[in-house]
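You will see subunit A twice below: alongside subunit B first, and alongside subunit C after that.
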Partner chain A sequence: MLSRFDYFKPHNLNEAMQYLVKDEKTFVLAGGTDLMILLRRNLIDARHILDIKSLPETQVFEFVEGAGLTIGASVVVNKIVDSELVKAKYPAFNEAAAALASFQLRNRATVVGNICNASPGADLPPALLVFDTVVNIVGLNGSRQVKLHEFFTGVKRTVLQPGELVVSITIPEPEPGEKSTYLRQARLRGHDLATVGVASRLKPDGKVALGICAVAPTPLRLFALEDQISQRGLSEETAVWAAQEIKNHIRPITDVRSSAAYRLHMASVLLKRGLLKLLGKEG
Partner chain B sequence: MSNEKDCSMYTEHVESGKRKVTIQLKVNGHQVVRDIDPTMSLLHFLRDDQKLFGTKEACGEGECGACTVIMNGKAVTSCIVLAVEADGAEIKTVEGLAKNGKLSILQEEFIAEDALQCGFCTPGFLMSSRALLDHNPNPSDEEIIEVLSGNLCRCTGYIPILRAVKTAAERERKELGR
Partner chain C sequence: MTDKQYESKYKRVGQRYNRKDAQEKVTGQALYTYDLEFPGMLHARCLFSPYARAKIVSIDTSKAKALPGVRAVLTGEDSDILVGLYMQDKRALSKGETRYHGDIVAAVAAVDEDTAERAISLLDVKYEPLEPVHNVDEALEAKTLVHDDINHLKHIEGVFFPQKDSNIASWNKSRKGDLDKAFAEADLVVENEFSLPAVAHVPMETHVAIVQEDPYSKKIRIWSSAQSPFAIRQIMADSFGISETDVEVHIPFVGGGFGGKAGIHLEPLATLLSRAAGGAPVKLRATREAEFNTLPTRAGMRGRIKSGVTKDGKITAIRVNYDWDSGAYADYGVNVGKTAVYSGLGPYAVENASIDSKTIYTNKVFSTAYRGFGHLETHWSIERQIDILSQKLGIDPYEFRMKNLLEPGTRTMSGELITESSGSPKDCLTAVVKEIGWTGRKTEEERQREWKTGKVRGKGFAMLQKAPAMPANTASSVIMQMNGDGHVKMMIGAVDFGQGANTVMAQIAAQILDIPIEHIEVMSEIDTRANPYDWNTVASKYTFMGGNAVIKASKEMLRKIKEVAAQALRTEPEMLAHAGGEVFHVHNPERRLSYKDIALGYMYPGGNSIGGPVISSGSSIADGLSNLHPETGQGLPALDWTFGAHAVELEVDVETGNIEILKIASAFDIGQVINEKLVYGQITGGVVQGLGSAILEGYKFNKNVQLMNPSFTDNKIPTMKDMPKEIVPIYIENPQHDGPFGARGVGEHPMISVPSAIGNAIYDALGINFHVLPLSPEAIMLGILSGKKEILGTDVENLPGH
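Let's look at the complex of A and B:
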């Protein structure tokens, strides 16, 4: 590691914010599962490491009726895998969490880190997108909330400005009787990034929400396709139609994990399977 | 950034020259207080400072599980944890498994089931398995496989390892009343 950095673990948000603006070479540490690799590969030159795990705001894991579930930036992914509340209320989120990396990494990797890292192939964003998740951001001049579908701006890029910190996310409360699921394709079972991941959610009023990763520079919420599906009404026939239509809504590339053509194909297959699963018919 | 030498692949800690920080933690039950380089990983702290060479570095990026230790009851890959983050923590390494010169049941079963050949990955497998059995004395095959999915073995194959964890769980329930 060539980076020579100081380490700071603040105990309140004000201290953290002062430290964050100290230097443009300040990096935020939560789980460290991405940051430590960037440091080891010398891809970043860090002067300051800000460990946010002792900030009370980042440790929140609280469901409030009417408001939803707030998850602080220090909450690790295995907490989501083990949470009966998430299993019951946000099944797609639970399934995406269980699919992420390996068991040991899930003991360290955080939900918010998976978002802030802004990898196009991250597993959690599709599931969080279909639940209309909101990102809670704090800066020196106050706080703001950004909808998750407006948070990502490109590969590894977000709307976060220098001196801003994501302290938590809030996932609005779902309606009773909802269904959701996350399906992913990877090269091998277990420890691999998704080739394609598709989250789908069906509300009691028949409205469908779709989120997808690894098929564009950012994770996508497929609003236009959702509207078309909802208008047609979700049925086996609509699922088959949507599986054909999805190619007009995504822009996959060829990389080490997959060709663009295979990604298009798998996006179609996973979307159909997901929609059929929502209908109670395993595809 | 300095380009004097590419130390990205060094498997031992390279001193940054930054001011040392004091950490206080428990390693295998022993209280330890040390002044350390803030850029040092927990893995390098265990190996270079504590001279606990059981914990291995292979990929150095959290992919292979060879460096797995138990931190506050949870299996973590110590190569991607900073040593300073372990301040106040309780760490268990493979050296902490045997008691009074006698191997633990889990270690005995790894030997009995031929769950190792070269042995390089074994400390990681043992610590992932230990963390599992500490939380769940009677895991299903699927639960064992899931927990070990972050540990790679390139010579034994995984079936003997799965068998070893299962028989160790059985013996621990019977002999230790877990």
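Let's look at the complex of A and C:
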């Protein structure tokens, strides 16, 4: 590890924000599962490491009726896997969390970190996208909220400005009677990055929401396809139609993990299977 | 888990003992090379070539040398020492030109790893990238030579055959019968090509070496995670121009090797660093990334097979070409290539055959031994070809194999006569085929019907054979000493790096001496100053050769005990029997002595003593082996053939390409089980490792021949979740008359032919023949989508560049 850095663990948000603006080479540490790789492979030159785990704002895991579930930036992924509330209200999120990496990594990796790392193939964003998740950002000059589908700007890039910190996310309360699911393909059953991951959500009014990863520079919410499905009404026929149509909405690439052709195919299969599952018909 | 059905006829041989080192390992007390610390020890780091092939224009080391804490900075200009097992083609540090992405360009020794790494980052190297040799086809064109000094490389002559002005490190051949005539007379001639990529060994412990060169005596002291201490001793002595006795090699506990640690790797460079640092011990450890990218792999291979058969299913002719992509250096790769000319037909009796096996230099990561030593690769070709032949003939693949398998009276490719003592391929095949309930291939109608459900099942099987690949003069030896308590300490020359050698040797000695296995301690650290010689810990040869040496040493120990006891008991040694650590008169058992009464010498009541400490030794040498004829490949290269077969039932998801292995049954004719738990472990471990090669693993290079998956992120191995639903090991025990208790080796074999059996089962399921590994979900799915019945492979080298 070539980086030589100072480590700072602030007691409150104000201290954290003051430290964050010290230097553009300040990196935020929560779970550290992505940061440690960057440091060990000398892919970044860190001067300051800001450990946010002791900030009370980042430890929130709270469901408020009407408002939804707020998850602080220090909450680890296994918390989502084990949460009965998440299982009941946000099944797709629970399934995506359970699919992420390995048990040991999920014990450290945070939900917010998985978003802020902005990997195109991250498992949690598709599920969070379909629930209209909002990102709660704090800066020195106040706070702002950004919808998750507007948060990602490119591979490993987000709307976050220097001096800004994601403190938490809020997932709005779903309506009673909703269904959702997250399906993924990987190279093996054991721990692996997703080749493709598809989240789908069906609301009681018949509206469908779709999120997908590893098929574009950022995780995507497929608004246009959702509209087309809603217009047709979700049915077995629509699921089969959508599985073909999705190819017009994504642009996967070939890389070391998969060919574009297989990603296109699997996006189609996973979407069909997801929609059929929402209809109670396992594909 | 063990096979509860198995019962041994012996009291100790064949029983289910725990590994002798199990407790030390699981409680964390076992010390590995990396755990060792010495006063004044330095830590090394290397700079690796970022290019597959580049001219090193200049290296500025001044900033690195000026960094406080740095003790030595070396480049290729500092030493001309050449190293190599069979071909001296590798420098400890590249000079002039780099030959693969990961070749070592410079190295630093410093007071700690961080300082060494910082120094590495301060090296300023100017490269001039050169067009690399991408693959075996380009290499065979020989427009660019990976080693332009190939005509002058020192090698073992008469065994390996480097070709002039080429990239062929060795071209080995075997010939028998009249091939042209046989093809002309065949009813059907079928020609196919199969291939598979390079694969990593992935031992839990990466390579580590600590070396100190004494600046005064020039003696070299090595502590290493290596499998073959005596090979390292000999090669270091050759390369550094000193006596073997002046090289001291210590092997502490080793965390797996799978052949990757069979040769010599980090030791020469660590020696040069120690020399440059004034004789301080230097520790050089491979990071996990370096393990993938810098240390050697299993070679990629292409097999081209032309077979002639009669209508009724007799194979009359085979012509085989194996092209091994050995990467930048020959290492064990040339011996893998050589082995293929006598074992590369699989366990079949074919009268007319030829094999040409070329170990070829390219600008990829270099290759070495890997569990199976080329046999997983050759059997991937042979056993898929056999299956395709049976398809074309319309004969059941079980019947087809049974018609052609080796049996007593037939001869192997090199002309060796098979006898009852050789073991039985047919027994293995019959056992596994029965276990999966084979009733014949699926019909196209059955396939179509299942296809509509989205999941199709298939069954398939494949044969395998392997004998140790080793020189005709391969030897093992053992020393046994008895302590005053009647316990025995044993020193062997092989390294127990996970395969269980120490436990197996203890059992054999315990069986003969008739004492509890707990009373035998096999010294777990090898020290070439003290332990007796063993060629290499490779080739699945140690149960056989070490076992025979231990039998001799144990019998000698028993003889010495009985000689002293006979004097003490006033009888003849022939009148004495032994049991439970005691010797006694055969007629009058009250005349008896315990081993411990004799262990350090027997003392009469008056104080007079006889005998002295009981020490014995035993040696074994590969009995009857001969070198192969350079042109025909005829000769006797095999000490013991272990035959085997796998049968698989699997299910393919035809929408995703995912495969689930429902059951795999694996039978090996091992002659005699020595330790049932260890055999069970070898089989299940080997099957899963073979599964990795079958459906998952493989190096991927971009168009510049840079390795694209040099870490666990993208170089995956199977996990617990990827295990087959059921693994059924089956032990066949047709004894080998010169094996220890009739036993043969089985260390490598379980991995071999797992891909072949899976490939054959996928044909049964889908009606598609896959010719290229791995059979990943992606490969299967794109194969299905292509609508073709023969899938000749995807272009894995066509990945985008960095």
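In the analysis below, the second predicted complex is superposed on the first by the 283 of 283 C-alpha atoms of A that agree within 3 Å, B and C clash if a C-alpha of one lies under 4 Å from a C-alpha of the other, contacts with A are read in each partner's own complex, and residues count from 1 in each chain.
The working rule: a contact is a pair of C-beta atoms (placed from the backbone, for glycine too) under 8 Å apart; a residue touches a chain by one contact, two chains touch by 3 or more.
Keep in mind the model is a prediction, meaning the values are calculated, not measured.
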Notebook entry, point to check: Which partner does A:258 contact after superposing on A: first (subunit B), second (subunit C), both, neither?
Noted result: second
Between subunit B and subunit C, more residues of subunit A are touched by B
Quiz item: Which holds for A:219: it touches subunit B only (first), subunit C only (second), both, or neither?
Solution: neither
_One more residue to check, A:91. First (subunit B), second (subunit C), both or neither?_
neither
On the A-aligned overlay, A:193 touches which partner chain: subunit B = first, subunit C = second, or both, or neither? second
**Message:** One more residue to check, A:36. First (subunit B), second (subunit C), both or neither?
**Reply:** first
What is the contact status of A:103 with respect to subunit B (first) and subunit C (second): first, second, both, or neither?
first
Is A:51 touching anything from subunit B or subunit C once the two structures are fitted on A? First, second, both or neither.
first
| said: If we overlay the two complexes on their shared chain A, which of subunit B and subunit C does A:266 touch? Say first, second, both or neither. | reply: second
Query: With the two structures laid over each other on chain A, which partner does A:121 touch: subunit B (first), subunit C (second), both, or neither?
result: neither
The shared contact residues of subunit A with subunit B and subunit C are 1-2, 41-42, 189-191
Residue set of subunit A touching subunit B in the complex reads 1-7, 9, 29, 32-33, 36-37, 39-42, 45, 49, 51, 53, 78, 101-105, 107-108, 189-191
Listed in rising order, the residues of subunit C that touch subunit A in the complex are 114, 117-118, 121, 289, 454, 655-658, 695-696, 700, 708-709, 713-714, 716, 718-722, 776-778, 781-782, 785, 794, 799-800
Residue set of subunit B touching subunit A in the complex reads 1-2, 6-8, 14, 16-19, 21, 38-39, 41, 60-63, 65, 68, 74-77, 79-82, 84-85, 128, 146-151
Subunit A contacts subunit C in the complex at 1-2, 41-42, 185, 187-193, 195, 254-259, 261-262, 265-266, 269, 283
